[in-house]
Structures are given as C-alpha cells and as structure tokens.
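Could you have a look at this structure, given as structure tokens, before my questions?
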C-alpha cells in the first residue's frame, strides 16, 4: 500500500467515525463532530499556504468571516443554501486572489503581520458598514426547519462533505506539479525562481486555495447557526488556532492537518469542560508545550529525540544561533 | 486654528505611541521576534500601577520605575527560560509561541483583575496656551514618554550594553566572535522591551482605561508604528509614533474616532506593500 | 553553425551612485566556452544577474536568441534556456538529490509530470556522477557534491546557455579537474558556456575567449593568450609577477609591445 493509499484509508475511517456519531452519541457529541469537521477543512486549507509554501498566514478568520457574511447575505436575498454557499466560495476565492497578488510580495514577519492586519481591517469594515451587514448587531438568517437535532445531522453531512473535498484537493496538490513547486518555494524561494517556477503565480494559487473552502465553511456555518456577528466571524482566536492545529499534526503533509485538528479539539474538549475560566491560558500552555516538544508535529515525532530533549533541557552552554534576517 | 489643536493632540498622542512601540521595535529588530505579549505587558504594567495607587496610595510617578524594573526581570526570565529556545526558529513558530504566552498572561489578568475598566484618576486639570487646550495628565505622560525614549536612546548609544545590543542586531554571529555573550544580550534586550512596556503601562494607567480589552489594540498600534517607522531603532519608533498619532488625530476629526484603528491598519497595509522598511528607510543603528 | 546566441548591448547597472556594470557590450556565439575574469567587485556577478533577470539593466539591451530579454524575470530566463549556478550554492536542502535535479527538469526543462522529471533527473545524476547520492538529502552532500548538484540541476533544465559563477571556489585540485572534465562534456552537448573564474589555470585550459571586467567596464577581450599579455589586464588583475612567470615559462609568450 502506498503512502497515499494509507493516508486516504485512515482519512476515510475518520470520516466514517465522525459521520456515525448521530447513531450512538448525544447531540453534544454530534455538534462536536461538526466543529471538528469544520476546523479540519480550515486547517487543510491553511496547509496550502502555511504548510506547503511556508508562508505563515494568519488570514483564516478573514476568509471564514467573509464566507459567513457572503453566504448570509445571499441567503437573506432569497437564494437557496447551496447557491449561497457557492457564491460565498467564489467571492472569498476572488478576494484572496486579488489580495494575494499584493500581499505575497512580503515575506516572513511582514507577511504574517499583513495577514493579521487583513483580518482586522475586514472586521472593522464589516462592523462599520451597518446598512449592509447589520454592523455590531449581527445578521439573522432563516433557519432550516426540522428542529436542532435533525438540522445538526444535515450540517454534519455538509461539513463532512466539505472536509472530504478539501482532503481530495490536498492529495491532488501533494502529488502534482503545483505541490512540488510550492515545496521548492518553501525551501528556497530564490532557487525556485531560478529553476523556472513562476513563484508569484504559484503563491497566489496556494493562497487562493487556502481561502476558497474557508469561504464555503463560513457560509455553511452561518446557515447552520442562523446568526453571525463580526466578533465571532472574524475571531483572532480562530485565526491563531488553525495554524496551531496544523503545526500539531505536521505542516506540509497530507494527514497532518487532520490528525492535528482531531488531537487539538479532543484536548480542548477535555480541558474546556472542566476549566472554562482558564481556557485561554490552557490553549496558551498547549501552544508552548507543542512548540518545545513537538517541533515537527505529531506525525514527525521521534520518541528518542523527545526523551533527549526532556533530559537535556537547560543543561550546558548553548551556542548562540544566528538570527535569521 | 482647530487644525492646530488637532495637530498638537496628534503629537502628544504620537509621543505616547512612540514609547509604546519602542520596546517592541527593539525586540523585533534585535531578536527577530515579534513579541505578541507586548500589549498584555503594557496592560499588566497598568494594572500594577493602578493597584499600587488604589490600594496603597502610591503615586504613579513612584510606581513607574518599580513596575518597569519588575517587568524587566520578568522579561529577562521569560527570554532565558522560554524564548531563547526558539531564537532562530521560523516566523510561524516564534509568533505562535509568544502568542501562546500572551494567552496565558491575558487569561490570568482577566481572572485575577477582571476586565472592568479602571483608571488612576488624578484630576490634574487642563492647561491652555494660545488657544490650545491640553489636559495636564497627557502632557506629563508625553513628557515622561519622551524622557524614557530619550533615555533608551542614550543607553543604546553610550553604554557598553547598548553598543553590544546594537552589535548583535547588526550581526549576531560576528558579535559572538567578538566575545559578546549573545544569549545574555538577547535576554537583556527582551527585558528592556518588557521594561518599556511596563513603563508605558504605568503612564497609560493615568490617561487610559486599564482593562484587558485593550491588549490587542496596543499590540496593533505597536505593529503599525514599527512598519511606519522602521525596526529596531529609537528614532524610527519616534517617527512612526508621531506619524501615527497625527494621522489618527486628523482622521478622528474627519471620519470619527471609531475609525482611527482602521485607518492605522490600512495605512500599515499600504506601507507594507510599498515600503516595508519604514519611513526612515534603513534598519537604524541606534 | 556559429550563430550568435546572446547579445549584450551597452548594458549598465547602477545602484544609487555606484555603477556596477558600465556600458558593457559583448556577444556569445553558440557552442562557445567563454571566460569572464576580473578582480573582486568588478561587476561579474552583477552582469550575470542582469542576463538572468535577477536584476534589470539600468540601460542597454540584452537579446537572447534574437528575443529581447532585457526585462525578463528569473523564471522566464530559466524557461528560455538560460541556466546558472551560484557562487554560494542554492539547493533545496530538505529534498533529496534526485528531487533537486527533478525540479530542474520539471520546471526549467518543461517536462509534463513529476514522474517524467524524476526519470530525466536520474540521467543527469549519472552524467554528473551523483547516482549514489540520489536519495540522500541535498544538505548531506559535501561542497564538491553540492557544486555537482548545481550542475546536474542546471543541465536538467536543458539549457542553451549556461552561466557558471565561480563553480570551482572551495574545491581542491582533484575536484577542480573533475569539474573541468564535466564542463567540457557539457560543452560537447552543444551548450554555450560562460564561466566566471578566478583560477587562471582553468581559464587558460578551458576558454576559447576571455572577457575582462574591471570596475564594471569591459577592458579587454580576446583569446586567452592575448589577454594574458594585455598591459591593462596585467595592471588591473593578473599582476606583474604572473605576467613575468607566464613569459618565463613559455617563450612564445615573450613580452612584446603592449596596447
């Protein structure tokens, strides 16, 4: 069995496990499964620009939020849900493509900050444009009939479908010329240029891919919950969590985002339930631990290295490392 | 005439912003780390100052150096224990790590102090000169901000530690070969960053509400100042701060105060694309 | 069969007040091996950068195979058939040696699929003698190995013009001989080669023509024999001692009236 076949098999099993939750678990667990599916799509999307290409994007919340609003406004204008979601996807994709051409000229810290700046600017614009977006009061959408449990089952299906699509795109990119080129860019952008890769086009493609399905997820989320507002749609916490989930699993790999999201959300469940007041601090602690002990993510873990790290910490003189420019 | 008032307001604001950002800019320029903790450190300094005043009647002027020193120690320790591990790691790692630390500090402040806004109310009145009105507390705040920024500039220029920091910023490998204990310098620089944050917090406790809700706002302003003024230099932070202050002041006048933050960010985005090294153009050596 | 493949016409490149390349005109014929020599800071790498699109000329034109390429971007140069190596090698460190070369074949060489590119890469690895290292990460190679990797990657791009920037820097004598053999084999395949070199032994044994750059200006051009005796070149770069030794070692090079 090739690596790709193994990855697809593991993924398929995971999808089936999530899909089966309405059969044996409580509604709370079903909602958790929906959230896991949502975040897995977001993380797989982020993986294109952050993992494959190595550009630390913190724009996920901008794409998700715009998807929420584009979907919500389309639905309120009378369109059926699937059409609204499609419109949101295209809108967010176009936004990312236009923005990408500009912002991908930046590298490293400047790119990261630019990408956060976008979340803030978009949120502030949406908040202020009250006549269109309802401003700080948020927007209501028509809810699907049938009661919350039936609706939850439908949206579990929707979110899982989006997750499967995102995974398939990831596998295709991983094995394609695009994926190869993005990895070259990640390892040495100047050399990639010299070898014949149109780095601008590849980066914009990756950035657009990283946005498209976030828009779909956002629109579907809006349809599910029936109410959105700027603070929840453009949440900085979400925009930080997604890269962390990917880092937890292993950025640049096919299964890493899936594993990372699952591990993160299950961890969060365990702690959240018990320590509501401290959930941010715990998230922070998880991040710190992750960075120290799992630098390549769970899938790249070498247990021998881990033990050595734990034993060798704060021991002996460290040679100062060169600060990258 | 009204424009002159707006301009003066902007300059006073700008001095405060410069002080806010200079520690952040130094850490970024020397360690190449974007310190997502910075906003929370400022608010932490504000809280400590507020409670010193509220519970013990200690004047903020006296609390300032104490708070600053305390935060220096905190920053130094944090650098040694935690941040030094990732000093040459990629951007994603360092930003996420400092963000994680920020989440921890933020959460503890929210739980311990609650987010209810407080303020050190000193009722110092206003001064009027030639038609320009200025609250005295802001004026004193500006003076202190400029004093601190100036002191930092002198330290970087004149003292041995300062020259060592500048050397590390220019070329850490060569600095190490010259006998500079680079790790120690990193820790001191981060400590200075925290110190300036704490001092800014002490000043802000008198002028602005003290609440954890503002950590993100302060961090955002630090970013903008750095992009406008350039990294790692005190003059850069001064230029950036004043430009931001004046722009915010005027845009507040024309677009309303609630858009001030958006304007700042939009300006930052434009500058990032057009001239990311900032208005001073070079990575300054001060 | 000797058509002109590259024409550089009055190209200058300024950086603020500094003129790094000053009104240089040169032409390369297809299949030639030409050396570009000159002291450090003469502008050799800058000139190569303008030819490959990394920098753009401040004035002047560059034509490659009769197409005006003055304003091209680096990846366009690569796709047109201009390949170069770097003084400081630039591999993709975490990819295997095979993958590094496959990148050249896939993008510069414009092959259709990753699988085809990998096959083509194996051929290039054989040609450069790196087959044994195919599955090792590029970062594991020695300096000589990395220089060969650069050559292999460049060849995988199926170039018509190959610009070698001090490909021998840091190599010992036997490694240099190996590199020279390889370069000659590449020339036999019909590739036009421009070598930036400091080692006169390499220049004298390899180059049919030599161009000499000094303070950004082309101060001499001719066969290796001729430029070695050119007074300007001796003053600027070679030094009197070298000129004396060259004359002493070979009476044919006896000093005559210089230009």
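Annotations for the structure displayed:
By written order: A, B and C. Residues from 1 in each chain.
Keep this in mind: a residue touches a chain if its C-beta (ideal position, glycine included) is under 8 Å from a C-beta of that chain, and two chains touch if they have at least 3 such contacts.
Every value quoted in this text rests on a predicted model; they were computed, and no experiment measured them.
Using the average of C-alpha coordinates as each chain's centre, B ends up farthest from chain C. Here A-B and A-C are compared, and the pair linked by more C-beta contacts is A-B.
Chain geometry summary: the mean Cα position of chain B and that of chain C are 50 Å apart. Chain A and chain B have CA centres that are 31 Å apart. Taking the mean of the C-alpha atoms as each chain's centre, chain A and chain C sit 45 Å apart. Across the complex, chain A is touched by residues 52, 54, 73-75, 78-79, 84, 90-95, 102-104, 106-110, 113-114, 153, 157 of chain C. Of all residues in chain B, those touching chain A in their complex are 28, 30-32, 34, 81-82, 84-93, 95-97, 99-104, 106-108, 110-111, 168, 172-173, 176, 181-183, 186, 216, 220, 223, 227, 258-259, 261-262, 265-266, 268-269, 272-273, 276. On the side of chain A, the complex with chain B involves touching residues 50, 54, 56, 102-103, 105-106, 108-114, 117-118, 120-121, 124-125, 128, 236, 240, 243-244, 247, 277-281, 283-288, 291-292, 295, 314, 318, 320-325. Partner chain C is touched in their complex by these residues of chain A: 175-177, 180-181, 183-184, 187-188, 190-199.
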